[in-house]
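Both complexes below contain subunit A, partnered by subunit B and then by subunit C.
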Partner chain A sequence: MKYLTTILCWLVLFSAPARAELIIEITEGITDATSIAIVPFAWSGPRLSEDVAAIVAADLHRSGQFAPLERSKMLSLPTQESQVFFRDWQSKTNGAEYLVIGRMSGTNDGKYRVDYQLFDVYQQRSIKKWFATGNDLRALSHHISDVLYQQLTGIRGAFSTKMVYVTMEYLNNSGKRVQRYRLYVADVDGHNERILMESSEPILSPSWAPNGRHITYVSFKSTRPAIYIMDTKNGREKKITGFSGLNGAPRFSPDGRSMAMVLSKDGNPEIYTMDLSNGKLKRITNHYAIDTEPTWSPDGQSLIFTSERGGSPQIYRQHLDSGKVERLTFDGNYNARPALTPDGRFLAMVHRSNGIFHIAVKDLVRGTFNILTETNLDESPSIAPNASMIIYATMDKNRGVLAAVSLDGRVKVKLPSRVGDVREPAWSPFM
Partner chain B sequence: MQSQGSYEIDADEDGVTINLADILLFESGNAQLSGEGLERLQRLAPVLKAGRYPITVEGHTDSTPIHNDKYPSNWELSAARASQVVRYLVSQGLAPDRFMAVGYADTRPAELGNSPQARSANRRVHLRLKLPQ
Partner chain C sequence: MSMFNRNALLALFAAVAISACSSTPEDTTAEPADAGTTTQAPDQDVSGGTMDDTYGAAQEPTNPALENRVVYFDFDKANIRPDAIATLQAHAQYLSQNPGARVRVEGHADERGTREYNMALGERRAKAAASFLAANGASASQLEIISYGEERPVALGHDESSWSQNRRSELNYTAEAP
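Up next, the complex of A and B:
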């Protein structure tokens, strides 16, 4: 019986598309990544569009903290506890510290059900069993990744989140070169990419509302810059500003009730907040230097922004109640595009050193400053809701692409390159 | 690159020039960018960001003489206008080392004469892009 199951699994394995594994290139992982074997899950129905175990393995691999065992190295393919022989997983070359097995079935209401179990190979014991149901196999797979990641690291997984980003390409319109901007939403592994909006005019600065459903951005589609809010579920848009001059860099507050933004309606670019219930504006900064790129502290009590008031672009924090301003960055003469971790401790930014733009992070508690990337022209850092990774835009062979780096700089991941320039990624909150 | 709404774009063997002259970029005697000027630059920034070619920003003034603490002459004012454009574009994430800011005072008028139109047309900034051939 064991062998029959094995053969069935191999059939599943070879018939299912394995794209998920090809999508993301890990350019640098940690050397002591935890080895884990995710055995193909049993399934006796018709061929599936997705290989759940492969997606889970790819998710864990992309975190850089796990090294999934290749399937060709698995000595057995158990799908239930009685088939698990720990000696099959204890070899130095073909082994793993952890083992995941699972079985899939169809439910009465037409969904998929996955029963899966995690084992500790060294201690030769089962750690925990779970089951999950759902219609969408990719979503179900990411959910399983989240559960396993949390069990093994103690940190909530962020594999079921999404990102938005902007692409720009030149199209040939009967001999004329025209620009085409597109705003996309996709799963964080790059799958399920969907166009939210396209325009011949620039789309800038997308970011998410805390509900993980609405986004905000700047569009020039009415020829003048304006800030919009869009419901990503149905594509419905609402224009919230269209003042004369600059309308830029909108960011929802953590409670979703206000929006920080940059406006130049009173002359110089300054930071404002808008109460979204009544559209009332409050001016936050008042300085002849350019103040831009506001982002909220997690408690909503202060705004972090870039200002060149000290002679070069640096990051400042302004407390909303007292108006008190403090400068947060002192390393080098260019620090911009601030992004804070959800606990408010780490500040990610674009840092320029020797003419090269890198992603850097400052620990606001200890004051330490680390440059995380070696690529050039890195921009727009956006932090995962579990603070594990920073996604950013960079240049690869003269094209804008997306990449990600862990907060400690030990894991680096390149996202698939595609046509045109990819810019301004924004990682969603937990959904 | 081609026509961007209301930019005037010229190309010759030296590269491409974007002429931000047709809009009210600055008030007379001032280097503060107007609302319309900022709008245009906000729109232009993502286009310029797509390349790595150097950009020379040339500031020009009208022929009205100026002499104050901030701007002793039109040379300082034209340089301040060019710098203001560079600073804005750098604040939008363009690499500072791509830029050169140049002040021409009123020595290269776009329109001759002293009419209000001519003066307005002369308060301008040109972006000269050294595009790869």
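Up next, the complex of A and C:
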């Protein structure tokens, strides 16, 4: 398979707000990406703040699975079925396998309504039509992307999801170098970025509650590490641990009722679960080695974590009822920070190979192991709720940036930042 | 010198000049560690630590090892290296002689590997240094331990010379510093 290298800054071309810190570049897409033409949607009102068809095209393009046709190559701009002439879309150079047209209007209660339709150009027929309403044009666009993606791939789209991440910048405070950590939430395309918290002390390990609204993270703002829960809607924050020693790696259980975490209050780093209704702790591991980075199996019945009990960091699974422990990784001498796909089949991790840290994935059913990235100092893999992509942090030109790779390694996306180091991405569940 | 040779020399010179220009300077913002201005983790050569007191060193003789507040570790290790012993012994002695002194022992890791794993590794390094202090005369109540993992590098490069400065334990006095 040959890779197609394209660098397209869709979000810069189309109405990126100047404040957005993340730009999305597709560094590797698949050569047999499905071509699709998304014709600008009709709208007769005053100029809109967002170009819906362009956002949909950018979403589909960012998945790496679609190659949207440039507008300048469109021979006609139909907005309803009667205006569609399939021969306009059948050319080798400026044609497409699929065609999307749409019309926008205002509803009586002040919302936008989009009527859109998908055509199969080869078979010269309409596949399906839909409509959607909403206040927020970007959210509406991502919803349309989700619908089209599911129709065409059979996989639920994850364009309407969010991510949290951490940035760190060095500031000069009268000659002294100080750090500024910020915790952000943004749409997965980097837009609608919002600062949730800012501190001169470290912030790390953010992750989402299954409700897609609360997050948990570690902050040193009290000068010591502590675990917090925040409601991303209103920024309200609650400290849930502040034990002596480490308070780290918090992860909500799939039912949202408990939290796995790492504490060293009893001597060395061990994994605990906390019942969030009463704060009661249960110790899960008991080993003199480092045990850290717990993540839950989708059924909530076991914890997957990093441990160096075998002499080097490897990934283990411990069943919560029986306490039985099994080692999951055997390739190389450094495998850490496990992340499981929602079906529990694929295990993404940070893997060291010849001194280089990559993102790797292991198929727990077949036992195959694949290194997915060519970047270095890769860390913090987080999997999209539809398992299409893994977002992770890496180093690019001496700066921390976010990047994403598909589970099969065929699609690679970079999200360079304009400011500081970006790190610790966490992809939200479906909202 | 023949024309050929001169041209060859010029070309060589140009190549060297170009390569010198194109080698991107490693993170110029990188500041040296609090202790040690060398790029390698400094070897604390303190065995012969007599001070020259002919130039009005008026204060009571201080152990130069006491001025050093940082000890370094090997990659993925938390054992006290021989080059750290004199520093830690001096601080242990100071702490035992000054019961009001308090020290915050901070453990740090280099950027390689995952953040939470490095938090755990940093804690091990802080504990190793603190245990050494306690075993050599400091009392537990004088010692506080904290790990910053890889969050607080002193050198900002992405190579071994930076990493070796970042794998460290720092002794930060919060009361009665020497």
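As a working rule, the second predicted complex is superposed on the first by the 407 of 431 C-alpha atoms of A that agree within 3 Å, B and C clash if a C-alpha of one lies under 4 Å from a C-alpha of the other, contacts with A are read in each partner's own complex, and residues count from 1 in each chain.
Here, contacts are C-beta pairs under 8 Å (C-beta built on N, C-alpha and C of every residue); 3 or more make two chains touch, one makes a residue touch a chain.
Because the structure is predicted, anything quoted here is derived from the model rather than measured.
Peer 1: Kindly say whether there is room for both subunit B and subunit C on subunit A in the superposition, answering fit or clash.
Peer 2: In the superposition, subunit B runs into subunit C.
Peer 1: With the two structures laid over each other on chain A, which partner does A:F85 touch: subunit B (first), subunit C (second), both, or neither?
Peer 2: Neither subunit B nor subunit C is touched by A:F85.
Peer 1: Per the overlay, which chain contacts more subunit A residues, subunit B or subunit C?
Peer 2: Result: the larger residue contact count on subunit A belongs to B.
Peer 1: Per the contact definition in the header, classify A:F131: touching subunit B only (first), subunit C only (second), both, or neither.
Peer 2: neither
Peer 1: In the superposed arrangement, does A:G248 touch subunit B (first), subunit C (second), both or neither?
Peer 2: Both partners, subunit B and subunit C.
Peer 1: Now for A:R177: first (subunit B), second (subunit C), both, or neither, which partner does it touch?
Peer 2: So A:R177 meets both subunit B and subunit C here.
Peer 1: In the superposed view, which residues of subunit A touch subunit B and also subunit C?
Peer 2: 168, 177, 179, 202, 204, 220, 224-225, 245-246, 248, 264, 268-269, 290, 292, 306, 313, 334, 336-337, 350, 352, 357, 377, 379-380, 395, 398, 423
Peer 1: Over in the complex, which subunit A residues touch subunit B? Could you list them?
Peer 2: 168, 176-179, 181, 201-202, 204, 218, 220, 223-225, 243-248, 264-265, 267-269, 290, 292, 306, 308, 313, 334, 336-337, 350, 352, 355, 357, 377, 379-380, 395, 398, 400, 421, 423
Peer 1: Can you name the residues of subunit B that touch subunit A in the complex?
Peer 2: Touching subunit A from subunit B are residues 1-2, 5, 32-36, 38-39, 42-43, 45-47, 49-50, 52, 87-88, 90-93, 95-97.
Peer 1: Report the residues of subunit A in contact with subunit C in the complex, numbered from low to high.
Peer 2: Going through subunit A, the ones touching subunit C are 168, 170, 177, 179, 202, 204-205, 220, 224-225, 245-246, 248-249, 262, 264, 268-269, 290, 292-293, 306, 313, 334, 336-337, 350, 352, 357, 377, 379-380, 395, 398, 423-424.
Peer 1: Show me the residue ranges of subunit C that touch subunit A in the complex, using the header's touch definition.
Peer 2: 27, 29, 31, 111-117, 119-121, 123-124, 145-149, 151-152, 156, 158
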